[in-house]
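Each chain gets a letter, A, B, C and D, in the order it is written, and its residues are counted from 1.
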Amino acid sequence: MSRPVDAEPRPPGLRGATRVLLERELDLAWSGGGGPLLACGFFACLTAVLPLAAGGDPRTLSPVAGGIAWLALALASLLSLERLFERDLEDGALDLLAIGHLPLESVVLIKALAQWIAVGLPLALTAPVAALALGLPVSLAPLAALSALIGGAGFALTGALGAALALGAKRGGLLIAVVVLPLFIPPVVFGAGALERAASGQSPAPALAFLTAYVLFAGVIAAFAGAAAVRNAQG
Amino acid sequence: MIHALSLSDLTVSRGGRRLFTGLDLRLQAGEAVALTGANGAGKTSLLRTVAGLLRPDAGEIAFHDGDGNRLDDHLARGREVHFLGHQDGLKTGRTARRELGFQCDWLGHTQTGFDHAVEAFGLEPLLDLEVRRLSAGQRRRLAMGRLVGSPRALWLLDEPMAPLDARWRAVFADQMRRHLEADGLILAAVHDPLPIPARTLDLGGLA
Amino acid sequence: MLDLDMAPYAAFVWPAWGVSALVLAALTVRAVIASRKWKRELERLEKDQSATSDAAVSLRPQAAQSAIGPLK
Amino acid sequence: MFGLSNPQRFMRFTGPLTPVLWTAAAVLLAVGTWLSFTVPADYQQGDTVRIMFVHVPAASLGLGAYAALGVSSFFALVFRHALADAAARAAALPGAAFTALALFTGSLWGQPMWGTWWVWDARLTSVLVLFLFYLGYMALRASIDDEQKGARAAAVLGLVGLINLPIVKFSVDWWNTLHQPASFLTPGASGLDPVYLPPFLTMLAAYGVLFAALWLTAIRTEIRRRRVLTLRARKALEA
């Protein structure tokens, strides 16, 4: 006899599944109380240590303020990348994610989106503050926030790919950094470049355009290469 | 809706080691098959291959619907297959309610799916506890909740009842019986025989 | 004519060429040694593998029989 | 290329070829070295121009090796050829060594010209970034114990690296225009006095043939190594 009608599974639909996974990822990212505090704390530490290391004289700091903020942004984005896939592989949740309604490619993108919201967003808000502290002209603060927001998406996507590649490796965190940092060069160059051009009076638009192009490009690569890496580690 | 599963001439290896070769199996709706064999014979690998998590060296896995034509693999696995492995796939930091909720939402549930699962496996007292605080048996019952909460035709179970005590084994046996009566299919790797009528497929102790 | 007395820049040209030669030589030696090592190992294994298979019946890894047991 | 995908046929085909490559590399290196030191010193750079005869070939082969690595990774991933994976793996070490050589000789060349051991100009920085790509590839392959999984993960990274290389190169060049409007020394072969072409081209050919010899030898070794591992496993199974 066939199953009662109401027992037919109501597929959550792509929007539903995406929302459900995103909520779970954000909950996991912000669980344990830390939440965005961890990323901002790391950013603040970097910004505080630098003047102590290089001298507090604004003349030496302010020309590099934008660059330092972007370096701190790249390094801070590396935080908690290991959590993105490694934990799920260890406790078997990755198998569950692989047989859901959404393909693995979407799962990788949603995890990157969650990483961007959980780590990228708070960093984008902290970046201008840190840059100002290092002597960046106030007028550049909104641009610093905007470029950090866009760049953060690139870091989250390429970082997710790095996390997937490092699955099953011993020292995962360190490996992700070595694998991923060379791929972070374009966003850092375009992001810091935007600030530099704005500081010298030129329009930052081309740099921001390149930055956005990189993010879209990284999205496509991360989805396919990331899914292949996850399947490889799972199988 | 999966009505039949057929494996033809399946060859699977893991970590460079050939586990089995030339394996054939046909599973019809309402049937259960128990996979037996020594440790390392490839029971888990066979289940993972059917679930699409492991790529076979050779051979064919086909899912057919009621009138025999073949379903698309990704669609069938994404909508009609449950895989319950050794690990429960639960996040220790979250509460049981959220984890069961996620599992049912993620796999596609009916309106009453969540409550049905809670009632079937007596999860009511556990819902507000963090998974970290649950015992192995309780976690396994929570993981089993998704089998009931999100009705899917093909159950792939890897020693499902290992951590359960006698009482909950009987409950799970009853759930399996109901699943088979509702035209479900079960492929389970076991050490002791299944408490329901089932054919046996021995993978042969290759170890 | 061979111009070896490069006076001011000798301190840069010689190390450049010297290290290049060293590294290339190291790469070559490493590749040749590894090649010879595994070649000998393979020949040794294939020699006594053919020996054992003539003597004993080589036990093919037994394929799993998919015997469907009786319906319980 | 598909004809060679079968290891036995590959071994038969490259068997006689490898010694030929080795001898050709030796000859070219000898001739190239002789030419490099008999050609007159440059009136402007003096003898340092001779460093270019080892610097530019090393940089070019470093890049060429990564291209070989990336393409082999593509075949290993898409067509699951064990041979393609062996090819990618075999190209990594020589490629990284060539790139390191390019960095070392580059700084030696820069010192007399610019007075510092390292200059952040577009070309040298790009070579450095290429070296980082090699580091990432080798680190990933070394960190994953399971050989098959490590190989596939490295193949994915190899391909991702190949796709990202032009993007990173573009961003470094774009960055260079931002910081140094004109790179005051373009050591490219284009601005080269024709009298330096013979040593330069011979050395470039020598490095190319040498890389081919290294690469083929390493692939043949890898095929033999895997054959040995299989035989050992089978022997253990029968014991």
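Points worth noting:
Simple rule for what comes next: contacts are C-beta pairs under 8 Å (C-beta built on N, C-alpha and C of every residue); 3 or more make two chains touch, one makes a residue touch a chain.
Given the structure is predicted, the values throughout are model-derived calculations rather than measurements.
Taking the mean of C-alpha positions as each chain's centre, the chain lying farthest from the centre of chain A is C. When the interfaces A-D and A-B are ranked by C-beta pairs in contact, the top one is A-B.
Centroid to centroid, with C-alpha atoms defining each point, chain B and chain C lie 44 Å apart.
Chain A and chain D have Cα centroids lying 32 Å from one another.
In terms of their C-alpha centroids, the spacing between chain A and chain B amounts to 35 Å. The mean-CA centres of chain B and chain D are about 49 angstrom from one another, to the nearest whole unit. For chain D, the set of residues touching two or more other chains reads 146. By the touch criterion stated above, chain D contacts chain C in their complex at residues 29, 33, 37-38, 40-41, 46-48, 50-51, 54-55, 58, 93-94, 97, 100-101, 104-105, 108-109, 111-112, 210, 214, 217-218, 220-221, 224-225, 227-228, 231-232, 234-235, 237-238. The touching residues of chain A, when paired with chain D in their complex, are 161, 165-171, 175, 178-183, 185-186, 189-190, 193, 196-197, 210, 214, 217, 221, 225, 228-229, 232-233. For chain D in complex with chain A, the residues that touch the partner chain are 77, 129, 132-133, 135-136, 139-140, 143-146, 149, 152-153, 156-157, 159-161, 163-164, 167-168, 170-172, 174-175, 178. Listed in rising order, the residues of chain C touching chain D in the complex are 1-4, 6-10, 12-13, 15-17, 19-20, 23-24, 26-28, 31-32, 34-35, 38-39, 41-42, 45-46, 49, 52, 58-59, 61.
The residues of chain B lying in touch with chain D in their complex are 15-17.
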